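Think of it as A, B, C and D in the order they're written, each chain with its own count starting at 1.
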Amino acid sequence: MLRYTARRLLLMSITVIGMVTVVFFLLRAIPGDPASYMLGDYATEESVAALKAELGLDRPVWEQYLGFVKRALTGDLGTSVVTGQPAFDEVLESIPWSAALSVSGIVIAVLAGVPLGVMSAVRHGTFADLFIMFGALVGISFPVFWVGLVCILLLAHEVRLFPALGASSSTDFFTQVHHLMLPALVLGFSVAAYIARLTRSAMLEVLGQDFVRVARAMGVPERRIVYRLALRNALIPVLAVIGVTFAWSLGSAILVEAVFSRPGLGSMILKAVFARDYQLVQAGVFVLASAVVLVNTSLDIVYGWVDPRVSVS
Amino acid sequence: MRKTFGALALILSAALIGTSAGAAELRVRIGSDVGNLDPARIFGIENQTVASHVYNGLVKYDQATNKILPDLAESWSVSEDGTAYTFKLRDGVMFHKGYGQLTSDDVKFSLERVLNPDTKSRYAGQLAGVKGVEAPDPLTVRVVLEAPNAGLLNKLTDFNQGWIASRKAVTEIGDKQYAMQPVGTGPFVFDKWSPGNQVRVVANKDYFGGAPSLDAVTFRIIKDETAAAIALENGEIDVFFALQSPPVIDRLKKADGVTVMNRVANHTINLVLNQTVKPLDDIRVRKAIAYGINREALIAGYFKGTKAPGHSVITSSFPEYTEEVPQYAHDPEKAKALLKEAGQEGFELELITVGLSPYNELVIPMASDLEKVGIKTKITVLERGAYLQARGKGDIMTCITGIVGPPDPDSPLVSLYATKSFPPGMNTSRYDKADDLLASASAEQDPAKRTAIYQQVMSQTMEDVPVLPLYADQLFMAHSSKVKGLVQNSLFTVQAYTVSLEE
Amino acid sequence: MSAELAPETTAEAVPRGRAVRRALGRYLRHPGLSLGLFVLVLLSFVAIAAPWLAPHGPTEADLMNTLAHPSGDYVLGTDQYGRDILSRLIWGARISLEVALAVVALSLTFGSLIGAIAGYAGGWLERTMMMGNDILLAFPGFLLALALVAARGSSLENVILAVSIAYTPRVAAVMRSVVITIRPRPFIEASRAIGMSSSRVLLRHVLPNALPPVIVVTTVSAATAILAEAGLSFLGLGVQPPTATWGNIISDGQGFITSNPLISLSAGLCIAITVIALNLLGDGLRDTLDPQMRRYTGERML
Amino acid sequence: MSDGAVLAVRDLSTVFPSEAGPVTTVDGVSFSLGAGETLAVVGESGSGKTMTFLSVLRLVPPPGRVTGGEVLLEGADIAALPASEMRWIRGAGIAMVFQDPLTALNPVFTIGDQMLEVIRAHTAMSPRQARALALEVLERVHIPAPAKRIDDYPHQLSGGMRQRVLIAMAIALRPKVLIADEPTTALDVTVQAQILELLAELRSELGMGMVLITHDLGLVARYADRVAVMYAGRVVETSPIAQGFGRSRHPYTRSLFRSIPRLDLPADQPLTVIAGQPPDLARLPAGCAFEPRCFLGNGREDCRSERPALLPTTSDRHLSACPHWRALIDAEAGA
């Protein structure tokens, strides 16, 4: 188990470096020149060149890359070219917002998706199954930002149940939670739909396996078979994709944040993309990629705990 | 599972640290995040709005009348030849956060910083004729010009390059870091920026003009106008700044407890026709375009009457405003005739715009109109950086632009028509027949004569139509009924100093 | 003298014609599959016949009738430029289906190739390729597409390219996992033993066998591609206005969601219906094509 | 059909609906099993062996359905029991050991956990008591150091060990009948014998009736008391092993025998493959299902038109569903 964990952690650092590398070079491929963008309409060619030198944009790309990695290792993610502040500070400000949204979205998704998926599998072929699966199909098929818009229209505008904004200036915990609820539900809905579909098919597969037949033949009550013996097996693939859904939810979060005017890493990256703030995009992507890998790695470790076969092989 | 919830609670509470509820706190919606509050480098109405609470200029515009009033300078005098302005500073003005008293050295520092090429200030051009800034004693500043410039005071008002920063603060905080740690003398002190979420300023109790009645102002970043409107109606915000969407304006006008304000801005939105690109070198083609675009319908249909007609690039908020210029009422037949005369039926016009609303949207009905008079159109929407580069090159056929700025006629006229505004700069039409008139306006000390010269520029440029004003921008703002004393300016900023809150 | 040696994958000796008929019957009897297929055929028809079906031009502005509510002339009303919503939706179907088709074509080609080569080659090549693939897979696909569009500028081609790049790793991963399960099967060994070249084995045996699951994955990619295009357009990074795309229409309508909700709602429904149809098709294909999924599913419980 | 039978099945039928119409996978099957007796059930795959016993336990996978018949466990008809009570029969009355020990154990639970699940499903034992019982039965199936093994996960055990665990699980509640469904097919040859010896030992120790489902005819002679041969969902022959297994009274059984390699015959004697395809259950002929492949009856009019019944032959205990069984004896005599 210890070796397994160590190997996972090693793989994690490799993956983070890989992701950052990919993104770094993608961003360098952006046409358009940040220096002249920053200096605006009256800039002279000399001043543009000077700024480029200052930002290191005149050096070869690989040199810029090495510099970035070297600094990143010491926790320096560069300085935002727009604000002059350390990019890491702005990222740090955004992390709590993103974490609250993504974590609550995933929690909602798991709490709703797994039981619904199990129920659907257990009632395979019944009306309840059809109903849940139709709901799940809707959940994965509607664009998340559209669902957000409709929710604002219905739940914030027609019935004033929730605020239209995903964040509040209030420091009151419950006010913030109230503002978080609608975005989290919208984000959670699409992920829940996905998890429900996955849980159902995993559960159906497990319920068709020999050991379930054995348990039945031995007279183990159906309830125990489903909720204890089979569920743990079915949760293994579900657990495996929670990491994927987490990454996915970070992508959707950009849209949800945009719809609900909520701060977070997604809206920060979007803003930085429009402002061509390289350093900030890099920092944001670096942190997002690390978060994805970190979550996946922790899930892998949990996976090893749930599925005894994994850590041995 | 318990761990997850623990972490969630931690995260949520972490998100809440930073602001404390104030007694009288005004919440103002801004449309996008701030990023740079350094007067030498500031850009964008959100930044300018926040900065206007933190800084003062030597002089200021009256919010309502655009008259120039004393601010940090109690009084000023102009030398006889018009090349030296001497300002007497107010005594005992203190910078925020313990950066000491304002002296003439801070003014010299601020203005020279803009002029210094190393600063790369986008406003260096605004102070172009300034030879030097002298500080003979702590409370006296002398600005020396190369040549007389009657418009100088406009450049030294409390806006952009006119805002005065503390030498000590900029030096100690650092040239780049200063961008988001501004220190000024204004009625509010910069408190905290929460990226993507809000910016907060708190009352400067020692403000030389008297402490503001508000304790704090929070600028909330809310991009979507519908969401902002709902927030205003629900009492989540008090002031809706930069209101643009006609249906939202309409909705808020009908809402209870909400007041909608509007004022014509200092800028028009224009279609710039590059005279160096064929066939736009032919005045008949330019006129055909002017006749062909249904600007009346644009204002009535697309903007639902929320914009004013643009007769020239000088709007009705300027004292120099006039409607006595050549007009181009929608006339498709005339447009067709002119094209036929020029032998340019069916040429292709490339409409180039930056990918920002409303510029990228305006082109759609315009293209539709032009197609109807027999001009083929191609719409090219460019990212901001690419757009500026394209304009910098000077060979793009058209662009759509507005010169947002103070009610200083030089601001739009020089930017759009002077040859010195290219390259690089705003004179994308490459118009070259207004230089002499603009220079003589600068030298003219008599306001009435100056106005006449400016009006001559307007007539001439509207006859030549290198730039077609599509409409005069109009600024909308809404606030809840508990907001009292809000005055709307024409600068496209909002100022909370005069505001008080009533429950 | 090579290929004929390879036996059928299944020992079933049912006559071929009958098997095909039975399979066809099975597809058509699958309600989700046939419904999905029907909707997609209908949509394709709408997309192809857009110039004849749409009552107005997709970018034809009528400034005298902006934000009109539904009427005889404008069945679903107009947007802020007075453009007919229905016509824009009809033309938007073109873009959405174009994006879906192009993304499927690109990600299927490259994903299958990468996955098949990795799976077939094995060893360090497979490990290296799959590590790179896993890195891209772990990365939020939408964010990757967003970064790519930001990098290459917003246009239809770039959106297609970005979404394809973002979703190719998925196809590659599926393809590889299928290939490694086929790799040890006897007929592959046999073909190798008789000296068939690797590429020939790959083309002749591995690809056809791997296709069913990959096809299932690509229907899902098509659905994802439509959603991604809509999301990018919504953020202002997709196909640029005034081109009618469903994402652009939602985005246009966002500002009018309370006064003219029909603009955004109708475009959202179009996206959802298409994506539902694709998902139904994918689910149906999975049920019918991939026998692994057609397992004994257990007694009805509780 | 003897009254002393611990398990008696009469006319048991199970039907699966299919695209081609209903398929009768178990077609009027009858047999009985005495206490301490081992009944071997043989037949090709798909002949309905396993389905018969899933029908007995009422575990037929949907959409299949038991359509009729009686299942008497110690004289009580359990076919009529409501589903809720049927659960108590499974494991405690009739237990089943499946073919593949590799998949029959849940990989994510320890074997102790899974055994406790079974024990506690039927008894009110405390976890401690149940664990003690589990250890006891593990000991009984000769698992070395059961106290150590009980907390292992299935993948930590060998195939043979796993099958022992499954057997332990099956006998833990001392069922009256143990159904072993090809218990050794998935195991090494050396382990096979051990498992079968163990089953035989447990049968006599516990006095259970045992059903050994197999297609390995070699095992039948060694371990079974009686044999039932199934073809196309029907029992076509039952006979005591003592009556001479080689002296089959049904052509199908004969063919089955000739199709397996035997060490006691000269190696150069050719093996015969049964001609033709196994029957399509959805399209069974009106007469004998084996007729198209039968060396004896192929083409005979009576075989084609009439479905033969399972009837006594030379003795009451040797039944055959071939009306022409005498021809087989004649042929033997002739040879």
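Here is the rule we go by: a contact is a pair of C-beta atoms (placed from the backbone, for glycine too) under 8 Å apart; a residue touches a chain by one contact, two chains touch by 3 or more.
This is a predicted model, so every value here is computed, not measured.
*Asks:* Just to be sure I understand: the centre of a chain is the mean of its C-alpha atoms, right? Then which chain's centre is nearest the mean of all of them?
*Replies:* Answer by centroid distance: A.
*Asks:* If you tally contacting C-beta pairs, which comes out ahead, A-B or B-C? Let me know.
*Replies:* A-B
*Asks:* Most remote chain relative to subunit B, going by C-alpha centroids?
*Replies:* Farthest by centroid: D.
*Asks:* From the mean C-alpha coordinate of subunit C to that of subunit D, what's the distance rounded to whole Å?
*Replies:* Using C-alpha averages as centres, the distance is 49 Å.
*Asks:* Indicate the whole-number Å distance between the mean C-alpha point of subunit B and the mean C-alpha point of subunit D.
*Replies:* 89
*Asks:* Taking the mean of the C-alpha atoms as each chain's centre, how many Å separate subunit A from subunit B?
*Replies:* Centre separation, subunit A to subunit B: 38 Å.
*Asks:* Spell out, as numbers or ranges, the residues of subunit D touching 2 or more other chains.
*Replies:* Residues 59.
*Asks:* Multi-chain contacts in subunit C: which residues touch at least two other chains?
*Replies:* Correct list: 153, 254, 257-258, 296-300.
*Asks:* Two or more other chains touching the same residue: where does that happen in subunit B?
*Replies:* Residue numbers touching two or more other chains: 224, 226, 230, 383, 386.
*Asks:* Spell out the residues on subunit C that touch subunit A in their complex, using ranges where they run on.
*Replies:* Where subunit C meets subunit A, its residues are 131-132, 134-143, 146-148, 150-153, 223, 227, 230-231, 234-235, 237, 247, 250, 254, 257-258, 261, 264-265, 267-268, 271-272, 275-276, 279-280, 293, 295-302.
*Asks:* Under the stated contact criterion, what part of subunit C meets subunit B in this complex?
*Replies:* 59-67, 80-83, 153-154, 236, 240-242, 254-260
*Asks:* Can you list the residues on subunit B that touch subunit A in the complex?
*Replies:* Residue positions touching the partner: 4, 7-8, 11-21, 27, 32-33, 35-36, 38, 43, 117-118, 120, 122-125, 174-180, 194-198, 218, 220-224, 226-228, 230-231, 234, 236, 383-386, 388-389, 391-392, 424-426.
*Asks:* Give every residue of subunit A touching subunit C within the complex, in rising order.
*Replies:* Residues in contact with subunit C: 14-15, 18-19, 22-23, 26-27, 29-31, 122-126, 137-138, 140-146, 149-150, 152-153, 157, 201, 204-205, 207-208, 212, 216, 222-223, 225-226, 243-244, 247-248, 250-252, 254-255, 258, 266, 269-270, 273, 281, 285, 288-289, 292-293, 296.
*Asks:* Where on subunit B does subunit C make contact in their complex?
*Replies:* Listed in rising order, the residues of subunit B that touch subunit C are 224-226, 229-230, 245-248, 250-251, 294, 297-298, 300-302, 304, 355, 360-361, 363-365, 367-368, 379, 381, 383, 386.
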